[in-house]
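Lettered A, B, C and D in written order, each chain numbered from 1.
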Amino acid sequence: MKVCRRSFLSLIIGGAAGTALSPLPLKLMDDSSIWSQAWPWTPVPEDGEVSHVGSICTLCPGGCGITVRKVNDRAIKIEGMKGHPVNNGGICVLGLSGLQLLYGPTRVKTPLKRVGARGEGRWEKISWDEAIAEVVKKLGGLREKGKSHTVACISGTDRGTVAQLLGRFLTVYGSPNFIRIPSIQDSYELTMHLMQGVQASAGFDVENADFVLSFGSGLIEGWGSPVRMIKANSKWKERGKVVQIESRLSNTAAKADKWVPINPGTEAALALAIANVIIQKSLYNADFVKNYSSGFEEFKQMVLNEFSPDDVSGITGVSASTIESLAKSFAGSSKPLAVCGRGQGETPGSLNEFMAVHTLNALVGNIDKKGGVWTVPDPDYIKWPEVEMDRIAANGMSKARIDGAGSKRYPDTRYLLDRLPNAINSGKEYPVEALFVAGANPVYTIPDSKAVKEAFNKVPFVVSFSSYMDETAVNSDLILPNHVFLERYEDVPTPVGLQKPIIGLSKPVVKPLFNTKHLGDVILLMAKAFGGQIAKAFPWDSYEVCLKETLGNKWDKLINDGFWADSNFRPAVWGGAFHTPSRKFEFVNKGKAESIKIEGDEKAYPLILMPYDSMRLASGFIGDPPFVIKTVEDTVLKGKEIVVEVNPKSARGFREGDQAILSTPKGSVKVRVHHFNGIMPGLVALPRGLGHTAYDEYLADKGVNFNELIGPVEDPVSGLNAAWGIRAKLTRA
Amino acid sequence: MKEQHKNTKAKKYGMVIDLDKCTGCGACMAACMAENNVPFKKDESNKLDSITWMRVYSLTNGKKFPEADMCYIPRPCMHCEAHNGHAPCVSVCPAVATDYNHETGIVSQIYTRCFGCRYCMAACPYHARYFNWWDPVWPDGMEKYLSPNVSPRMRGVVEKCSFCFHRYQLAMNKAYVEGRRELEEDEYQTSCTQACPAGAIIFGDLNNPGHAVNQIAKPDPKHGGRPMNPHAFRLLERLGTNPKVYYLSSREWVRRAGDNYIKDEGKQGNH
Amino acid sequence: MSTLDDKAEETVEQVETTKCPEKEQKNRACGIILIFFVIGLVGSLAVGWLIFPKLLYSQKKQPIDFNHVVHVAAVEDGCESCHYFREDGSFSGVPKLAQCVGCHEEAQGENPEELKFVEEHVTKGNEVPWLVYSRQPDCVFFSHASHIKMGKLDCVVCHGHIGESKHSRVYEENRLTGYSRDIWGKNLAGLKKDTWDRMKMDDCAECHAELKAKGETVTTLPWPINWMPRPYEKPASSQVRVNIQKDACFVCHK
Amino acid sequence: MDSALIPEGVKRCSFGKFIFWIIVVGAVLLWGVFAMLLCWFKGLNQTNMNDAYGFAVWIWADLAVIALGGGAFFTGLLRYIFGKDELKNIINYAVLIGFICYSSALLILAIDIGQPLRGWFIFWHANVHSMLTEVAFCLSCYFAVLTIEYIPLILENRQVDKVPFFHNLSHNMHGIMAIFAATGAFLSFFHQGSLGGVAGVLFGRPFAYREGVFIWPWTFFLFTWSAAACGPCFTIFITWITEKITRKKLVKKNVIMLLAKIAGWMLATYTIAKIIDTWYWAAVTVPSKGFTLMDFYSNNPLYGIWILVLEIVICGVVPSIILITKKGRESSFLLISAVFLGALGACVNRWVMVLQVMAVPVMTFESWPMYFPSWQEIATTILPVAYGIILIMISYRYLPIFPQEREIEQIG
């Protein structure tokens, strides 16, 4: 015992001495710190050869060129493409985060068939053959029963080969119900159609405009092609003026040279009052008005009688002197440009307002001129042979559209998606038996989410082509996942708002990561499976072949540069620009321009809820990747709670950061209150782009989707959704 | 120093950010995150533990509707030179994990040297330094986009903006292979500069009269680099941090918001 | 030391029980205690110098036994034939399969290793998972361009005479850190004879300090214990006072 | 049961009672250890610290505990250097408290750093310009000194002392204790100072920044000074608590009076210095950075001007007056209140120089971030307290901490 204890101690001391004389302690100390410097659970990115691939970003209709940096076969970073006519090296927050979508957890990795109840999220993995067979079987059955017209398709766009293939398929199959996602494009197209007689997009030569009068457009918040607009804004900072007319100090308003707060919804009246001053003071372009327009006299009488600055001042809250000075500076500038479409322009708006604003451009003669509004024809490279419809198809195509577009009531409107939920729910029209959704997320983006979901539930067969598990995909029966934009070829015609026709080419930057299929190829496969006229309409082996053939001699240029621009394009000359019956610009006078009445009773709902847009929140069909959500300020989102802006004056006892219940006739949600001096008293502003229920844990269940709180309000002229807000109230939580 | 750079003149990389042009779109933040392998968590709404090397703050003029005004101010690391490189953070780091490089004027941060005492964070008045409170975790598969040029950080260390120093390194490599020791202005640009859609960020060598940053900010070497451009200012100029990020604004209240002033003191905002 | 403990033990023992006759006990105990001390000393030395390295490093074989001699003889430009600089200034490092396929589309000889290489990798298109002896931690940015192109350094300085090897030697991986033993150096005590014996930061620092003292344009590295005088800090001559800077951490770290 | 180990001639509670309390406090200790392990294994996300509060309650505890442990070096200085021999009767306890405080501080630092495995970098890769480096070096050196000062105390245990070697060792160590005390005082002067420097050099934080002499800001000297003033206060306070708990007199009144008087004068001079410093800072330094004094004490829910009043008037002026007047010292109530306030003053000062420094916004567009420690932080902060109590319990039971105890007991 004795020996043992002492010896033990001795042993220990000897051991300690020996250990100290060995490299063990220093080496272990060093290695353990090195271990802590490279913890095995911290990833080490593999190095390798760097390469760059040019492509086009299709996460929004902006059509920016991108250059993707790769290391070996991994895509490392997305950067803006230098020299691209839209963005010239610049890029937005969403585009930069594209790789998080590519490699992210929300990808649908293989065709999925619903097993549980709708929206329950239980899926069965199926093969592509099974998936296509399933669709063909279902559609075939409907066709046999002569119900081909009960198939509808919601698409993010109607331009480019993929959308055209989809439309073509629907046509030869026999359904008139190809519906594009609504936006201010609809209103602008209609405006151009009615006033200029053209079927074209409106392009804005913003780079050359020297006075921009914006009626609530979020010029630097995602309106038009976002990066291009921000670039233009920088140009205006150097030479040019911007006046922002808006009831909230948006970023655009803050950056503008002048912010004119206005009572919401009265923009049309203000535009006409400005017209009043321009006409009264004879500041208009006499040449244009006299030689290239018709209906001016009627219009003149109307504005002079009904829209005097003093009267309008009462409606809009903008002083008569401001109206006059606005009119003078606008008409006095050499290249003035008036634009409208609120925020990012995702809600079409009142046609009267669009026409009133466009009238201002006409009065100063800035149509198809440098710095003005241009008529932009679609690039006409898609020249496929006319489809030959069989009897069933012809029969189906002869049926009226379910959304009412092109009907007697709304003869000039092409798509009215906002009317679809009601059409399905009310059951007044024929039922929709099958619904395709491609490049869109209507369950999230269409107003009145409750009604949209109800409508979806009434459709027995919903097919989503989404690459991501978005709200629409969750509520579908079959998901046929498309490649994401970095894995596929796709032509991208002229970005929204660009004044020159260009074509961009999206290229596969990486090989498809999962068992996904290009939507174009899926359409071709479906057509083949049908055979007959349907198959005949698609004489290509693969989408890539189709695309190459369609683009013809532009292909090489597109592959090398990433875009093709028509260098010969010039804006139309006034003499031949207008295709109205009078061959002139028409001052369309549709009577007294009534402002759109929003939903809700003023007594029950003393406040007005308006949405606002931000570059840091994608509110379209793409959900925000983690990087984007990270940039969102804590005055917008706090934890899982959305923050609404109110003026301290109308906060009624709600302190900064207080919880509250925000209610509208459509629903109520929990919010937090943020005092903002930049918002007009009486208004509540809620950010768009939050409140996703699908996607990943970085995005889902954060905040509130604005569309849950608002429903569409039909514009009496176009049928498009013109709701710019809704009555609301804030109550204690 | 003197002997060291016989062949190359010492550079002083800096930035000029035009706040008139900045739209607050957040592209610089995302560009930075994507370039520098910045991690993210499920909830990033607590801005006190959200790693954003480049952070866009918003400021208001404090006035009531409709006089209210707002401005965004992107804040990277200022790479303070202070007096002879004794930046607030550099002099306090006990383990030389952060350092002022006299050759480029960049304040480095070596993650593997840092042991996470956070003294530098206490020292930095710009809150430009961020601590990795959590292990960085990328959802399965997303680690594929990580760049090999910037080492992902481990939990328990401080990180901050590096002016994308790795881009300098890579550009120098290219120059070396081509037999040069000097870089052109456009060969080394930070990720945020490159991405900014507004072109509001300009980056270059403040010591080089040929570079745009020098021409715009006109740093006054006699007065600790103070801008001579009347529209230019630096954040917290009075603390003597001698930062290398200059801001431009045509609005006086914005320039004034860049520093602290006792009421009614020197109303011109920039002096 | 032993006496000290001896006493300590003793008193405690006394407290507990006081049976033994003291002196006799003490002498015997002394011897035994000494033996135990020696056992402890020798044992721990053995552990530290012999067993510990065995435990710390795992032995790994390269997937293919590579013969540098044969390859160097077959190519024209020496090392740079396979380990070349890319246009962007980066260094290619260990060749990828695609490079090897140029010659090894089909086996060129009878060497079983080559046959294995062609069979396992070339035909199947699998990259060879080479174990890189000189792989540095992720935090290290090493510019081959500045050392080879600007500094005109020979590969041998850091990599030794690997180009003269006929076989791939065993790769020893540090189980704790995951890095090759070559980084710390074969010699566990950290001793080195040649410049390529170790690849730790101190070794970079040593070389840089030497060059610096000669007046070369190099960046000096911090000596690890940077508050202690460095062996190379002595002024090379009275005119040139070498200013040791520790301001360039970013130059080699990312 | 353990009577053989208890110093001769003094009474101690029953072993059962002793063990019971050890277990009670030990439970708290274990709770702290659990929290500590959480912090080590899961990382500092276990705390409520954030990027604005890089330094928080731990660093405050660190600074406070070191200031309070300052009694050891100052009493040592008085006893060994200035020859205030009476203080030998309280020096043991001062050393013990110092030992506890310093070991706690080191432990907290080891928890506080994000990469404990690399903690040794502070020595190995030290940056000599950093105040924290100075702190680390002096702190560990002084801790070593305190250990050396504490060892003879252990050796005085009845059983250990029986061993001739230990007896001699202890004797010899006592002989050279003056050298250690001097070294300790020197080291302590520097690290107390450098702790003050930690905040004072932050020229990016106008609230903390103090001008100074050479490389040291005024806080450097103020911290040393306040530690010298408040440390003895704390020693007296803990002695008083110990006396209350043990229900007996352990140190003679004259010793306490002497220490209290010295502490009083130190505190008084410190308070004057602090007032001058505050005035200069508020009148010159702060305005030069564009701030007014009240900018630091308004627009937030916690930090009002009250904290300045509390620190300087209530915990500075008031106890100083009590302690330097004979009447004040003689009144037991006033004395204890004063030493308590003195110790509290150091704590408040450290709080202000750590937490408020973090809270004050420097950029005009930032607001005051507020912070409340998580339970893990609280537990790990209590951990050293529990450890200290246990160490005091054991030391008091088995070591002749209070040389006068037996004498007083016999008289009593």
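Going forward, a contact is a pair of C-beta atoms (placed from the backbone, for glycine too) under 8 Å apart; a residue touches a chain by one contact, two chains touch by 3 or more.
Everything numeric in this text was worked out from a predicted model, so none of it was measured.
Visitor: Give me the chains shared as neighbours by chain A and chain B.
Guide: C, D
Visitor: Which chain is the middle one, judged by CA centres?
Guide: Measuring from the global C-alpha mean, the nearest chain centre belongs to B.
Visitor: Counting C-beta pairs in contact, which comes out ahead: B-D or B-C?
Guide: Looking at contacts between chains, B-D has the larger number.
Visitor: Round to the nearest whole Å and give the separation of the Cα centres of chain B and chain C.
Guide: Comparing mean C-alpha positions, chain C is 37 Å from chain B.
Visitor: How many angstrom lie between the centres of chain B and chain D, each centre taken as the mean Cα position?
Guide: Measuring from centre to centre gives 39 Å for this pair.
Visitor: Could you tell me the distance, in whole angstrom, between the mean C-alpha positions of chain A and chain D?
Guide: Whole-Å distance between the two chain centres: 62.
Visitor: How big is the gap, in whole Å, between where the Cα atoms of chain A centre and where those of chain C centre?
Guide: Those two chain centres are 56 Å apart.
Visitor: What are the residues of chain B that contact at least two other chains?
Guide: Residues 46, 50, 58, 96-97, 111-113, 135, 151-152, 154-155.
Visitor: Where in chain A do residues touch two or more of the other chains?
Guide: 32, 35-38, 44-45, 47-48
Visitor: Touching two or more other chains, which residues of chain C qualify?
Guide: Where chain C meets two or more other chains at a single residue, that happens at 88, 90, 137-139, 222, 226.
Visitor: Enumerate the contact residues on chain B facing chain A in the complex.
Guide: Chain B residues touching chain A: 18, 20-21, 23-27, 29-31, 33-35, 37, 40, 42-47, 50, 52, 56, 58, 60, 62-66, 68-72, 111-112, 135-136, 138-148, 151-155, 191, 194-200.
Visitor: Under the definition above, what is the set of chain A residues touching chain D in their complex?
Guide: 29, 32-33, 35-37
Visitor: Mind listing the chain D positions that touch chain A in their complex?
Guide: For this pair, the touching residues of chain D are 115, 117-118, 120-121.
Visitor: Per the contact definition, I'd like the list of chain A residues that touch chain C in the complex.
Guide: 2-3, 5-19, 21-24, 26-28, 30-32, 34-35, 37-38, 40, 44-45, 47-50
Visitor: Can you check the complex and tell me which residues of chain C touch chain B?
Guide: 85, 87-90, 137-139, 141, 143-146, 149-150, 215, 217, 219-220, 222, 226, 240, 242-243, 245-251, 253-254
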